[in-house]
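Heads up: the structure comes next, in C-alpha cells.
Going by the order they are written in, the chains are A, B and C; count residues from 1 in each one.
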Amino acid sequence: MSRGLGGSVFDGLKFRKVSSPIHNLDPRMKFVYVIAVFVAAILFSAIIPLAILFVMALPFVLLARVQKQWLRSLRGAAFLALFIFVINVGGSYFTHGFTLLAADWENAAAMTMRFVVLVESFSVFFLTTSPDHLGLALEQSHVPYEFSFAFTTAVRFVPVLAEEAQTIMDAQKARGLELEKGNFMKRIRNYVPVLIPLIVSAIRRSLELAEAMESRAWGATKKRTNLYELKLRKGDYALLAIIIVILALTVYAFLYVHVPTVRSFFGYA
Amino acid sequence: MALIEIKGLTYTYPGATQPSISDVSLTVQKGEFVLITGPSGCGKTTLCRTFNGLIPQFYQGELKGEIRVADLDAAKQPTYEMARHVGLVFQNPENQLFALSVEKDVAFGLENLGYSREEMRKRVDWAMDLTGITDLRDRSPHEMSGGQQQRVAIAAVLAMQPEIIVLDEPTSFLDPLSAQKIFDVIHDLNKTLGISVILVEHRLDLTARYADHIIIMDQGKVRLDGDTRAILASDETRLIGVGIPKATLLYELLQNEGANLPETTPLSSEELAKMLQEALKN
Amino acid sequence: MLMVEDVHFSYSSSIEALKGVSLTVDDGEFVAIMGQNGAGKTTLVKHFNGLLKPTSGRVLVDGVETTKTSVAALARTVGFVFQNPDHQLFSETVEEEIAFALKNFGYAPDVIEKRIEWGVNLLGLAQYRKTSPFMLSGGERKRVALASVLAWDPKMLILDEPTIGQDHQQKENLRQFIMQLQSQGKTIVIVTHDVEFVAECNPRVVLMREGKIAADGEGKEILTNPQVLKESSIVLPQIAQVFSILNAPGLPKDVIDIYEAKTLLLKKLGVTSR
C-alpha cells in the first residue's frame, strides 16, 4: 500500500497526473522554453524585465492547473530568496562605504527576482512533465540509454524505498530504538540500525533487478527501439513560436532598449 | 530432441566451499509442465538460473557438465540470446518491474531486442491479453498488488515468445487467491500455447495438479524425477520432507487402513472428493 | 492483556484502513489474524505496540492506553517480528543483533550475556554466535530476527507473515516452536494468509475484510465456513475442501484435521479399521 511522501519544496517538483494542454506538450520543447527563460533571466539585471519574465509563467501555471503546488514551491524557495536579498544588500552596504543607495535596494530585488524566475520556471516544468515523459525525452534525445534507464528506474523506486525506510524504522522502533532521544552525536548513531538494512536491501534489490534485466535481453543490440515515440504537435509549434518571440525581444531589448529603473519613477538616480 | 537436456551439471558459487548443485541430470520435453520442489537450500533456485545462462555468465563461479536448452549451449550462449528462448520469472514481483507504466515494462525485452514498433505493439497487446492485464496498461507498478505485478512480469517474459517459461517461487509473497490466479495463467499458457513450463514451488497443494512431471531435489542433488502421482505417493518423498498435498496424504492414510480406493493417487481435493463420491455410491 | 475499542485509522485523508475494529486478547491466547492483502491486518497489529495510533477509539495494552506511552515502552510487553528479517538485521555478529534490544532497554551486561546464551540455544543458532547475520541463509536469518525479539521475553509476540518462503519442514518447526511458547504462557498473535498453517495450529481466528472484523472465533469453525471465507478471499484448507465438495449426508463439514478426516471417512466407507 503506498503512502504519500511529505515535503514542502518537494511538492513543487512532484508530477501530478492531470490532463492539460501543458501536460501534453513535448517535454523537449518545454525544456527549450525553460532554457530560453533562463537565458533571458541571465541577460537582464534590471527588475522590470525580470518581473515580466516572472509574470509570463502565470498563464502556463493556470492552464496546467498546478497553482497550489507551484505556490508551495515558491514558499519553499522564499527562505533562500530572502537570503539572497540580504546578501546582496549587505554586499552593497560594505562596498559602497557603509551606505545604501536606492540603486542597491533595486539591484538586490532584481537578483532575488532572477533567482525566483529560475526556480519557478523549473518548477512549472517538473510539475507538468511526468517522469516517464521525461525518460522518453531523454531516450529520444540521443542520451545514452543507460542514463535514461537509470533515471526512470530511480524515479520508479523512490516510493518503494521510502516505504521500506519507514518499515525499517518501525522494525527497529519495535526493538526499543528511540530515534529522537539523545544529543546530536547519539542521534546520528541511532540511524545506523536504519541505514544498514536500507543499504543492504538496496544492494539486494539491485542484484535482483540486474538478474531480471539480463533475463529480458538487456544488451542484446545497440540499436534499441522504443514502444513510444514523441512527436511534435501543434501545441509544441505554438510554444516554439513563443520561445522565438521571447528570445527575439530579449536580444532586441538587451541591445537597444534602455530599461527604466523603478527608482527613477520615484526620482532617484 | 528434448527441449532441455542436462547431464552431470555441477555448480559452485564464487567463494563457496561446496557446490550448490552436484551431478544433476534431467530432461524436459516440449510442452511439459514440470514442477521442481525440495527443501530450502536444495539447489532449485540455482538450477533455474542455469536454464537461461545467468549461471555461469552473470554469477561467474565454476560450472561443470552439459546443459542444452532449445538446442543451444546455455552456458556459452550470451544471456540475451537465451532470453529469446527461456523466460525467467522471479520471486519478488517488485524487483522485476523497471518502467513507470505496465505497457512499457511488457515491451522492455522487445525493445532490447530491437523489434519494430508495430511488432512490439502487437506482441505487447497479445501478452497483456493472455495474462489478463490489458486494463492495467497505463498503471505504474507501485499502484498495483503483488499478484498484478507478477502477471506483468509474466506478460513481459511472454512477449518475447520463448519456448519455455521458468518461474522461481513466483507466488511466495502472494495470498492464496492471487497465487491461484497466477497458476491458472501459467496452466493456460501451457495448455493452449504449448509453452513448456518449469515451476519451482513449495506449495504443492496448489500446484501438484498441473504437473505431469515432478523433480524433487535435496542438498544439491536430484533425488526423484518422474511422474507426479507416482512420486508423491512414494515413501522417499515423505522422508525428504516436502509439503505433500493434504489430499494426497489423506488418500494414503485411507488406503493404508484398507479403504480400497482406486490406484491413481489424487493430487487435489477435487480429485479425492470425486474418488470418494464414487466409492460411496457403491 | 490487550483491548482494542472501536478503532478507526486512516493513513491519509482519503484511505480509511480500519473502520471500527473492536477486539480483546487475553493472556496466553493464540490468535491468527487473517484476511486478504489490504484488509487491514498489518495495520491493526501495528496498533498493538504503538507504531500506529488510532485516529479514533483506543488501544489498551495491560491497561495502558497506547497514546499515553512510547513505542519503546510498549515494545517491552509486545514483541513484533517483522515479515522480512533483512529489515531488522544490521549488526556484525548474531550476538550483537540479539543484544541490540536488550541494550536499548537498559539491561545489565551480565543479564544480556545470559539472554544471548538462552536465545541462541533456543533457536539453534549457537554455532553462529560470532557469525555475521548477513552470511546466514534465509531461514537462519529469520531465526536470528526471532531470537533478537524473544531475547527480552515480551509477554506478547506478534509474528507478521512468518511462513512466507518457508519450506514444509521449516513451517513444521515454526508451528512446534509457537506451541512451545504458548505452553510457556506467552500470548501469540500471527498475521498470515497461510490457511494450511493455521489449520494445523487451530488457534482463535480473527478474519478481517476491508478494515473490519468479518469473523472472530474458533479456527475450525471459521476456516470451514465457505461463505465467510469467500467474502474475505481466503480459500478453504484442503481437508475441508474435500468434505465440502463431497457434500455427503452424515459427514460434518468442519473438518480440518487429517486424522479426524480419516476416521470419519473410513466409518462412512464402511471399512473397519485394523
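Convention: a contact is a pair of C-beta atoms (placed from the backbone, for glycine too) under 8 Å apart; a residue touches a chain by one contact, two chains touch by 3 or more.
The shown structure was predicted, so the numbers you read here are calculated from the model rather than taken from an experiment.
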What's the farthest chain from subunit C if centres are computed as the mean of the Cα atoms? A
Set A-C beside B-C; more C-beta pairs touch across B-C
Averaged over CA atoms, how far is the centre of subunit A from the centre of subunit C? Could you give it in whole Å? 45
Averaging only over C-alpha atoms, locate the centres of subunit B and subunit C and give their separation in whole Å. 29
Per-residue overlap in subunit C, given as positions that touch at least 2 other chains: 38
Which subunit A residues reach two or more other chains? none
Under the touch definition given earlier, write down the residues of subunit B that touch subunit C in their complex. 38-41, 91, 145-146, 169, 172-178, 180, 202, 205, 241-247, 249-250, 253-254, 257-260, 268-270, 272-274, 276-277, 279-280
So in the complex, which bits of subunit C are touching subunit B? 36-38, 137-139, 164-171, 193-196, 233-235, 237-239, 241-243, 245-246, 248, 258-259, 261-262, 265-266, 268-269, 271, 273-274
Using the touch definition up top, name the residues of subunit C that touch subunit A in the complex. 11-12, 15, 17, 38, 46, 49, 51, 70-72, 75-76, 79-80, 82, 84, 86-90, 100-101, 104-105, 134, 148-149, 152
Spell out the part of subunit B that touches subunit A in their complex, as residue ranges. 49, 52, 54, 57-58, 79-81, 83-84, 87-88, 90, 92, 94-101, 103-104, 107-117, 120-121, 124, 140-143, 153, 156-157, 160
In the complex, subunit A residues that touch subunit B: 2, 130-132, 135, 149, 152-153, 155-156, 159-160, 205, 208-221, 223-229
